[in-house]
Amino acid sequence: MALARVGYLGPEGSFSHEAVLTLADVEPVACASIADVLAGVADGSLDSGLVPLENAIEGTVSATIDALVFDYNLVIEREVVLPIHLHLLAKAGVTPHDVTRVSSYVHALAQVRGYLAGLGHAQIEQTTSTSEAAREVAESSEPWAAVGSKIAGSLFGLEIIAADIADHPGNATRFVEVGRGAIAAPTGNDRTSIVCFQDADRPGSLYGILGRFAARDINLTKLESRPTKLGLGDYCFVIEFDGHVGDDIIGDCLADLQAHLVRVKFLGSYPVTGEGSSDRREEVGEARRSAAQWITSLRSRIRD
Amino acid sequence: MALARVGYLGPEGSFSHEAVLTLADVEPVACASIADVLAGVADGSLDSGLVPLENAIEGTVSATIDALVFDYNLVIEREVVLPIHLHLLAKAGVTPHDVTRVSSYVHALAQVRGYLAGLGHAQIEQTTSTSEAAREVAESSEPWAAVGSKIAGSLFGLEIIAADIADHPGNATRFVEVGRGAIAAPTGNDRTSIVCFQDADRPGSLYGILGRFAARDINLTKLESRPTKLGLGDYCFVIEFDGHVGDDIIGDCLADLQAHLVRVKFLGSYPVTGEGSSDRREEVGEARRSAAQWITSLRSRIRD
Amino acid sequence: MALARVGYLGPEGSFSHEAVLTLADVEPVACASIADVLAGVADGSLDSGLVPLENAIEGTVSATIDALVFDYNLVIEREVVLPIHLHLLAKAGVTPHDVTRVSSYVHALAQVRGYLAGLGHAQIEQTTSTSEAAREVAESSEPWAAVGSKIAGSLFGLEIIAADIADHPGNATRFVEVGRGAIAAPTGNDRTSIVCFQDADRPGSLYGILGRFAARDINLTKLESRPTKLGLGDYCFVIEFDGHVGDDIIGDCLADLQAHLVRVKFLGSYPVTGEGSSDRREEVGEARRSAAQWITSLRSRIRD
Amino acid sequence: MALARVGYLGPEGSFSHEAVLTLADVEPVACASIADVLAGVADGSLDSGLVPLENAIEGTVSATIDALVFDYNLVIEREVVLPIHLHLLAKAGVTPHDVTRVSSYVHALAQVRGYLAGLGHAQIEQTTSTSEAAREVAESSEPWAAVGSKIAGSLFGLEIIAADIADHPGNATRFVEVGRGAIAAPTGNDRTSIVCFQDADRPGSLYGILGRFAARDINLTKLESRPTKLGLGDYCFVIEFDGHVGDDIIGDCLADLQAHLVRVKFLGSYPVTGEGSSDRREEVGEARRSAAQWITSLRSRIRD
């Protein structure tokens, strides 16, 4: 069987590469940009794409979310949460004190600013990716170092000379795998992502939208406003919440929003990574089931 | 075929009698009290009962609502709205100026207070019903008058010597026909009545209840708090709203309330008397239908 | 100093009489009806009036609430909660088994229905008041009994031959003392009553009203819809809540309602009878105080 | 009098430079980064700083908002909205058809992607700023072009050889001037920015926050969730709304939020740029004034 071709933001050795390697039975395909990944999925040259959606420190990846919201009709099928460990990478035998130049991608450098200030003596250089930084270090005869992932070090024969040097520990990036339309089967612990577009400038309407979720005890896990590119102050809302479009209550909520309040674009229902709050879900589920039986029994008494 | 035996609050000639005569193919059965009507329905000696629920001037009829809420598991199947016209009834030949004594039921007297003040000279007496007042007038040889309905006058051979003498014109009473459990078929212009009991003293919970309706654009037509008889300040809420328990959105709302917020007692879904706002209903219905199709098409894409 | 003349619903020996006797330094004045009490306050012939507002079993006293809402501009200055104990009253020597006839006011009879069913043999008669029943018993030479208060028994020389015979124990009536306009000083544990009139048929507007209270964590203690007498289905809302019009947050809430949502009629701010939830109030109060200081300090930085 | 030293994101010729030149009586000071601008304000080496907050196409400028939220206690005193016009800049005599290489900052290139695709033949190069691109073009003897602002062209002696070439017309950037603590005086048409931090994982609490604004008819103009850098899924909310902290209703709303729901960080109250909806504001203001007088007159009746 041919492996699924899954695009990612290259070059090889990037955190996106590390994320795609966590998937089974795939053939990773490095792309030059997030836009190229998504375009490849849309035109069929890729089976799916794995793109970064948000980072615990940096926040939303605008290129990804804006492309999903405005440019493509793709569907999120899976999420992959990757812990981000940044290391100081150099050739064997070089110690942090020897290093005369540290290079990396601008976001990676920003996350190790405190560590680098402690080094003091080294010159700081920006590169176009963390992999590129590792390549430069590998090709140079100077005692240089790169900030990057373990995989980037391995690719270019570098060693970790200082591990986990990020100023805020516990960083992670959430990636999503997107496809051309199929929706993941419900697992009982799912998440759904949508975008809500306002028809007109209705004051208070975000409040109205949230009320539809509150009224059904649907737990929101993320809300973000994005500019619609129609002018300053014109926003749409990306909303993520617990549940699957196949669940009665979620389907009813989305139909309600679509019918009465906003234009809704569906971005996907997919399994939640990590442990869910399944106890509370079961309890709520039981109450709903029992209430649903009550309605069914009432309806059985309606005259023909 | 045997006519349905429908109980009402007697005696003959009462407004309840007038209301029951608007129903087709029924055998009216006069009862001594509202409680007797409802008990007769519950024990099967009556097929149904027609009882007053609220009056435009006096408000809710506590005896009816409390019995439906606390004492019986009966279902409202129909509503009948009866315009209330109070007349001055006397023997032929007597004029308002001749009248030396006016009698009626206390509520009827209260509604013609202004008119009677204009008469000035006549003595005012309370009776146990408007029919009883008419009977006394018929049996007396004095120039007495009763305040009552046209039907009460007819029953005892009295004439209307002053018509429509209520201080507030446009009075009406809303009656409901209650049965032992069958629910009226949906007509597209229906109303539903429920009672919500709070589990505990959750502050703000009426607001929570109303939020469930607001979130679904369900139009409330009545809300009333009733003491639960457990102590001052302990209330349940009688709520009436547009829609039928057989409608998806109403069933979902009731299930939601029952599962998450309050104990719900269903009092009935039945056709609305008078013209409804059917235009807006159709428009909303179309938007819901189109949104429901969207959800269905999304779900068709869920993987097996 | 002349005692304050306080009107109440007579005759002597009524529960209203019992309630007025709990007030210090007053001259009780019996009136023929609730309307007479309120009219006397309005025209200055009484200094104030004590009228029943609601009963734990029967609910709201419509005559009182409707008069305060529609007919007068009076202000509630105080509430008095009176436990209601109904006794079987007869001449000395008569036992419950001897009794051949029991009389009382219709509401009192309704509350002892179960007890009377147990007696079985006695004839039941309605009277125009519980006092009137006691008077009849006192004047008769038959072994009759009345259902009424201890004070009614004392007034007519009767004894309690069966105590506390109500079917639901723990009954109580809440009376309010109303005056011509002065508002009671804040005590820190106060209640406020208002009526909200809707301008037009704005769907969801009760929800909007309640939202104003919820947004300020103001605890509602009562909500009741009353017909406006303009037609079936046209309601105003009587709302009671913790706090005093002199409190910042209450004043702000009422101004907000008045400015944006509904016409508000103020019915009074007055001390709460019984223990309040003062602990939570203090905690909330402390948080508000600290937040208010923060705003004050921010404002001190505004440029001239 | 010494001019106020106002820091901006350099180099000279940037859009930030263009924005700072719209301010009267200031000495613009170019800084190397947004962080340097804000640090200079905080340490007093600058009197204030003008930094980009959001762009109509790109959305929020994370570096600015995160620094204001997490790193500094600075206050927004003013906003400046600058229309963004991107031009193709080259030496006199060069036409678009001649151009062999186009360079600019990555965000500027992204906004003219469609136009550049039409050129077809030219090589595309990224630079570290639009000014840097213009400098390179000026220093080269090749027929190169830069994408940048009119001011960047002027600084390096270039001409506009194609005007307004952005794919989406109407782009604009909103800058804010921040200072060390003084709050701008109210003008009657002001905006306020705050950040709300949640104490714990309270489901539905954003809904609660928005309810506080809805309850007071405060018009929200922006809402954005930002990661708190404490882990994926942990957000704070940046909220902007009409009104000034010196307004009663705004002060009350902020005190309410702070006392009951969330920790609030105040980011500033400042005049709105552009025409406001002053008609509606006046109308609402009049209703509030009249309601406030009603409360004042009620309070004058409280007993001592």
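Labels A, B, C and D are assigned to the chains in the order they are written; within every chain, residues are numbered from 1.
Quick note on the criterion: a contact is a pair of C-beta atoms (placed from the backbone, for glycine too) under 8 Å apart; a residue touches a chain by one contact, two chains touch by 3 or more.
Source: prediction; values computed, not measured.
Visitor: Looking only at residue numbers at the chain A/chain B interface, is the share used by both copies over half or under half? Answer same or different.
Guide: Here the answer is same, because the shared fraction of interface numbers exceeds one half.
Visitor: Between chain B and chain C, what is the gap in Å from one C-alpha centre to the other?
Guide: 26
Visitor: At what distance in angstrom does the C-alpha mean of chain C lie from that of chain A?
Guide: 60
Visitor: In angstrom, rounded to a whole number, how far apart do the mean CA points of chain C and chain D lie?
Guide: For chain C versus chain D, the centre distance works out to 57 Å.
Visitor: Two or more other chains in contact with one residue: find those residues in chain A.
Guide: Counting only residues that touch two or more other chains, chain A contributes 211, 214.
Visitor: Graph of touching chains, which shape: line, ring, star, complete, other?
Guide: Basically the chains close up into a ring.
Visitor: Which bits of chain C are touching chain B when the two form their complex?
Guide: 54-59, 62, 66, 81, 168, 170, 172, 174, 203-204, 206-207, 210-211, 213-214, 219-227, 229-233, 235
Visitor: Flag every residue of chain C that touches chain D in the complex, lowest number first.
Guide: 75, 181-186, 211-212, 214-217, 245-246, 248-249, 251-252, 254-256, 258-260, 266, 269, 284, 287-288, 290-292, 294-295, 298-299, 301-304
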